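Shared between the two complexes below is chain A, which pairs with chain B and chain C, respectively.
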Partner chain A sequence: MRPKAGIGISRGKAAALLRGLLQRLAVFVFLLVLMSVLPRLLPGDALDVLMDSDVQRDLQESERSALRDQLGLGGTLIEQVGRDLMRLLRGDFGYSHLHGAPVSRLLADALPWTALLIALATPIFLGVGVIFGIEAGRRPGARLDRIITTAMSLLASVPPFVTAMALLLCFAILWPILPTGGAEPLFPAEAPWPHAREIARHALLPACALALHEVVRYFFVVRGEAAGLSRRAFVINARSRGISGWRERRDYYGRNLLPVICARLSQSVATLFTASLFVEVIFSYPGVGSLTYQAVLDRDYALLQGAIAVLAALVLSLNWIFDALTDILAHRG
Partner chain B sequence: MGHRLRPILRAFGLCLVMATQTPLAMANPAETKRLVISNSNTDWGLATPYLQARGGLGYMLTHFVFDNLVGQDKSGALAPELASSWQVSEDGLHVELTLDPQARWHDGTDITSADVAFTFEYMAQHPHPFVSLANVSAIEALSPDDLRITLNAPDAGFVSSVLVGLPILPQHIYRGQDNPRSFSDPRAMIGSGPYRLSNHERAKGRYVFSAVENYYGGTQKYDEVLIAKLQPEAAIEAAAKGQVNVISDLPTRLVDYAKQHDLQVDMSPAGHPIKLRFDHAGLFSSVQRRQALAFILDRQALIDIAYRGGATLASLGYLQDNSAWFNAETVLQYNHDPDKAAALLMRSGWSRDEASGRWAENGSPVTLRLITSGREQALAQVIKDQLDAFGLDVSIRVLERGALRKMKPGEDYDLILAGGSTLGDPVTILERVFGTRWNNEQYRGDGTLRQLAEAQARALDPDRRAALLAKFQHLYSRELPAIMLLNVSRTIAHDADSKPWFFDDGLTLGIPVATHKYMLLEE
Partner chain C sequence: MSAPTPRIPQTITRYRRQVLGLFAVVILTLLIAASDALLPAYVTSTDTLQPPSARHWLGTNDIGQSVLTGLLRATPVTVGLALLTAALALLIGLTMAGLAVVFPKKGRAVVLHLTDMAEIVPSILLLLLVAAWHQPGAAEIILLMAVLTWHDDVRILRSVLLREIGRENIRLARHMGASWPYLLLHHILPAILPTLTGVYLQNVVQAVMRVAGLAFLGLTAGDLLTWGSMLQDATGYLHTPAWQWLLLPPALCLTGFLLVLTTLDQRQQRHARLRQGANP
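Right after this comes the complex of A and B.
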């Protein structure tokens, strides 16, 4: 039975959804406080790191405290954290003194690039993971299954940053058909189509590196579920009626795997953002990952907090949406 | 697989083929004369005195946009910039300057002595991180183009550090700005220099500077200067295609690779020797122990192993051979000599266990606590090996830079390994050797060395100053407030047309960059 959207959600379900939302809001606020407190507990003084230079002269204590105030680093830990939270409540992400720009602008510049990588990586890991998973799970133990599963196990045993570097080495250095890093060539084309193609060329390798990180997980989840389905009566029955090929894979496996894939997606969102950090650093890609990494090294509290706030909001809301979707799909059976 | 998948696969394949083809042409209009400089580092902030990122490159970018009162000629000697002439009074307490009447702010406003006076007052309230104005007692505008600066005490380095290093701000823009560190309006970047920042893409670490029309200080060689964030390998490839002209931070390991791509490579000691500094109140308050360490360490081996040729031996007399005040003759040498070291250590009260060969103080074995940052980790390991072979135990702690700055001598370490600049006017010696900041040598001694350093900073007669500094270098190499181990090289690669150069004593305050604004101007 196919429930109509909206109407299919009972009052109990709606309450559960609301509860989920509230829980995530609480997590979000907790994260904000944590991200305000933790970096400040790092050993050392942010002012020293910010002003660290060999030509830096010895500042008087009065100069230091004036600087501290100008840079928003003054006051006790509680005062600083309170100031941070009040600012964020007003919707102000603050100002990055290292970049000389409002954090919101830095994030607005960087987010599209990370989003592009994730948008490109998602069809890759979903396509490869699901197709191979179904193929392997359709006939568990058959030769194809053994080959694919062995290959995936091998891939799973290699740390993802190593596969990223291997991709870089193979396709950008030894056989240089793709660029080594960056999001665009030094002199981007002016016409829109060639420009789009250049951007795609630059995004391909990091997107693949990001996708490989997830392919293996999807493969094993889908294979396991598909192997279970292969033993179910309706599949055996369908096969005996001569249903095979695309129709069998789509209608008998695909549709029944949808809730599992959806449930997995809600976790993937978080891992993808985390993985984008090392992928962007390896491919010098100008996304939020690189920005956050640098912010940690530079003690750029405002930027770090802004980046985490935006990422956390994205991850939690997507996670909530996928959970709700999974619920509806599972309910459909 | 089903026939319905086929068109999708075909489209995907086509995309892949398209994507892997190299772009047909790059958009590089031939009319614009453009210089492209690559740097592998991240964002350098905005090109204003208050929004530049810490470190040399940030200052260098501001220096494109903001002229200082005094500049440098090709050899690094002082040259007119905003001030066409200056005169220091006999007693060294007054400096009179005449401004270049042609000088204009980028918005066309005349630059007057009122701007200079305003800058000094403004920077007293909002300190410039690199330049101290504590010695300035008064500044008065005598006419729109003439002014007089009065000092509290004579300062031999006033012109060559303050006037050369301090950027002048436009009064009509900065007046009333209470917090210049959050003033990032485009107006904040109205300066007097040869270029203006016309585009800055932060996420990509990309800057475009455009030549200012009718610049008073000469003709710009390039219409546009682009600074792009690129990893050195990618930059070499791009340079081979003619897209990059200067690679501003070439690692030593890539020197041959760059040469294979027809690039010229320039190497210069960065003037930031790696120093082994001491806890002067603890184990190393004894000069014999400091001298013994200098005899134990085989510094050439340190360079060969930890830097593979990317460094040169540093002078042990503080000033390095790039300085105009360097005097090799007076500096003592400590060639690797374990026997001399052992004798010195014995005299300092340590003893060597005959059986184990390990050193001990009052019967308990000596373990030296050495701290450093990740950058010098390899060097620290080689030092540990050398000291270990001599019979001294060393424990190394590698710390993140914020944590490293909080370490206290005595409490946390006996030895600290870190780089430190020796560039710029020698007035900086007072702070770098005797100061108490984390990267100062924090030396006390019997006071003789400090008196010499103070005397040379007041000596207005160059010959007398040179004699004092020669003496200082001799005494420094005897007392060894720190052991100057080696001088890491700064390397750049460039094509045949662009001609960057390093100043012997660095740009203005001692910044070891070769892509300064002077290379962007016609001679």
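Right after this comes the complex of A and C.
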């Protein structure tokens, strides 16, 4: 039976989406299990590792076993892992002794900043990547194409954290027009508008660094696709009818590029989170990336586990949503 | 030259470029192995944070080590790590693709499922998780990165293998009684070599970026000197003039190396396209 064309998705597509969801669930559970198994598989006693950095003292055997129970290290490996999993799935992430706050609160405080950076960066990299990609791809091999493509290839060879450091150096240290770090000044303004302006000023450089990292990928994807479109009959036909300028770029290229861009977005979710980690570390921005990084450096395992669980859930569900969107868009043909 | 010259297998003459590349890799490996003895020692001194001078051409870092020596010593480590990581990832990818082709029913389903799963694992989270408990050394980095990146290679390698196995020359040779090892060496390997080289180069680019990123975060073993870890050392000195000799040299090396790799990759792609265009 042929699936009905039209609105909605066919049965095959739905099955594929369901499979994607199950795969993501499996990956998520795998990460959670790894997170709780890994420390217990390493040579030595997890208790020693944990105590080593905090309290240096001899413990009585009875105190050790009491601590073990308190830290959830008692019982067999499977029991411990099961307990960990149930706890995390209930949404109980524990308490960060280093920050003196519950992990869930720390994460809730940090996530909006990361979301702000990504929200600011997305229009920049989408806009620049798509516009330059269409300009270069609609006349492949022309001079403009060669110039833009060479520049983008150069940009692609610079590791993203180097570009971020270069931005910091240029616009915050050598020519100090923007702040070097943080998300707001030490004493934020009272009035809402100056406050918003301060936040925007602090977010500008990190957002640009984040966007530069993604621009290159979108440029190459869009350029390749646009070059393919420029040879298609309907575009050649439109051009010969004198359609050009804005209308050609928007209606003939832009609209047909939508599924490709959407497909790319689903992969971007993970790379954006990765890139935001680097950017937040470099600009000491108080987002979830630098929080996680600090947890690694401080060996704050409760915070690290909570952050990884939340980030993994976010990344996996977001890229599944974009996958679903891509399928629905691609259905248009 | 009266004696008949030994017949060089046709594959070698036809794939001179790839063979030369292989030689380059072997020589590079030897150099990397010998570099520790050849280079001057990387010792601390009391001349800390000195600008470039006749004595220290690229200045010194915060514990008085010469930046130039560090750069030279980091080069074989950085390059070697990237080449080995990429090779291991390619090997895993090729094995997986081979399994999917040899066992078209069960193998294919399992391999494609695994590839899908590996694709959606957020690798940075996994790296952070591992690094929190144990900062990986060279061997562990190679293993970790290869395990996290092999999935990029599977689909393309599988499609190329399928294409080559379905060709007439293979079927004809099979008909004539050729064994699979013979076919692999004389028909399939030469045909997929350009793709293998391209995939390998892209793996190297990815490996350089990822390893440098990990080292930049300071999450690799403390005694592993790479360009990335030198960049990490420089981050604390952005507010002083020292960034000029601490940050720029490793950043330029890293960028230069990546630029060489991408140029090679592009040339290789153009070459493959031309060849395909010449005999469709």
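Here is the rule we go by: the second predicted complex is superposed on the first by the 278 of 333 C-alpha atoms of A that agree within 3 Å, B and C clash if a C-alpha of one lies under 4 Å from a C-alpha of the other, contacts with A are read in each partner's own complex, and residues count from 1 in each chain.
Definition applied: contacts are C-beta pairs under 8 Å (C-beta built on N, C-alpha and C of every residue); 3 or more make two chains touch, one makes a residue touch a chain.
Predicted, not measured: the structure shown is a model, and the values here were computed from it.
Q: Per the contact definition in the header, classify A:R197: touching chain B only (first), chain C only (second), both, or neither.
A: The first partner, chain B, only.
Q: Under the stated touch criterion, name the partner, chain B or chain C, that contacts more residues in chain A.
A: Partner with more touched residues of chain A: B.
Q: For A:V281, using the defined touch cut-off, is the partner it touches chain B, chain C, both, or neither? Pick first, second, both or neither.
A: The second partner, chain C, only.
Q: Please work out whether A:R299 is in contact with chain B alone, chain C alone, both, or neither, and reply first, second, both or neither.
A: A:R299 sits against chain B and chain C alike.
Q: Please indicate which partner A:D92 is in contact with in the superposed arrangement: first for chain B, second for chain C, both, or neither.
A: It touches nothing on chain B or chain C.
Q: Applying the touch criterion given at the start, work out whether A:A270 contacts chain B, chain C, both or neither, answering first, second, both or neither.
A: A:A270 sits against chain C, while chain B stays out of touch.
Q: Find the residues of chain A that appear in the contact set with chain B and again in the contact set with chain C.
A: 42, 49, 173, 299
Q: Can you tell me which positions in chain A touch chain C when the two form their complex?
A: 20, 23-24, 26-27, 30-31, 34-35, 38-39, 42, 49, 153-154, 156-162, 165-166, 168-169, 173, 270, 273-274, 277-278, 281-282, 292-293, 295-297, 299, 301, 304, 308, 311-312, 315-316, 319
Q: Mind pulling up the chain C residues that touch chain A in the complex?
A: On the chain C side, the touching residues are 113, 116-117, 120-126, 128-134, 208-209, 212-213, 216-219, 231, 235, 238-239, 243, 247, 251, 254-255, 258-259, 261-262, 266.
Q: Name, in rising order, each residue of chain A that touches chain B in their complex.
A: 42-46, 48-60, 63, 66-67, 70-71, 95, 97-101, 105-106, 109-110, 113, 173, 176-190, 194, 197-198, 200-201, 204, 245-247, 249, 284, 286-287, 291, 294, 299
Q: Mind listing the chain B positions that touch chain A in their complex?
A: 1-5, 15, 18-20, 23-28, 36, 42-43, 45-46, 48, 51-56, 59, 126-127, 129-132, 134, 179, 181-182, 184, 201-205, 228-231, 233-234, 237-238, 243-244, 272, 400-406, 419-421, 424, 431, 435-440, 509-511
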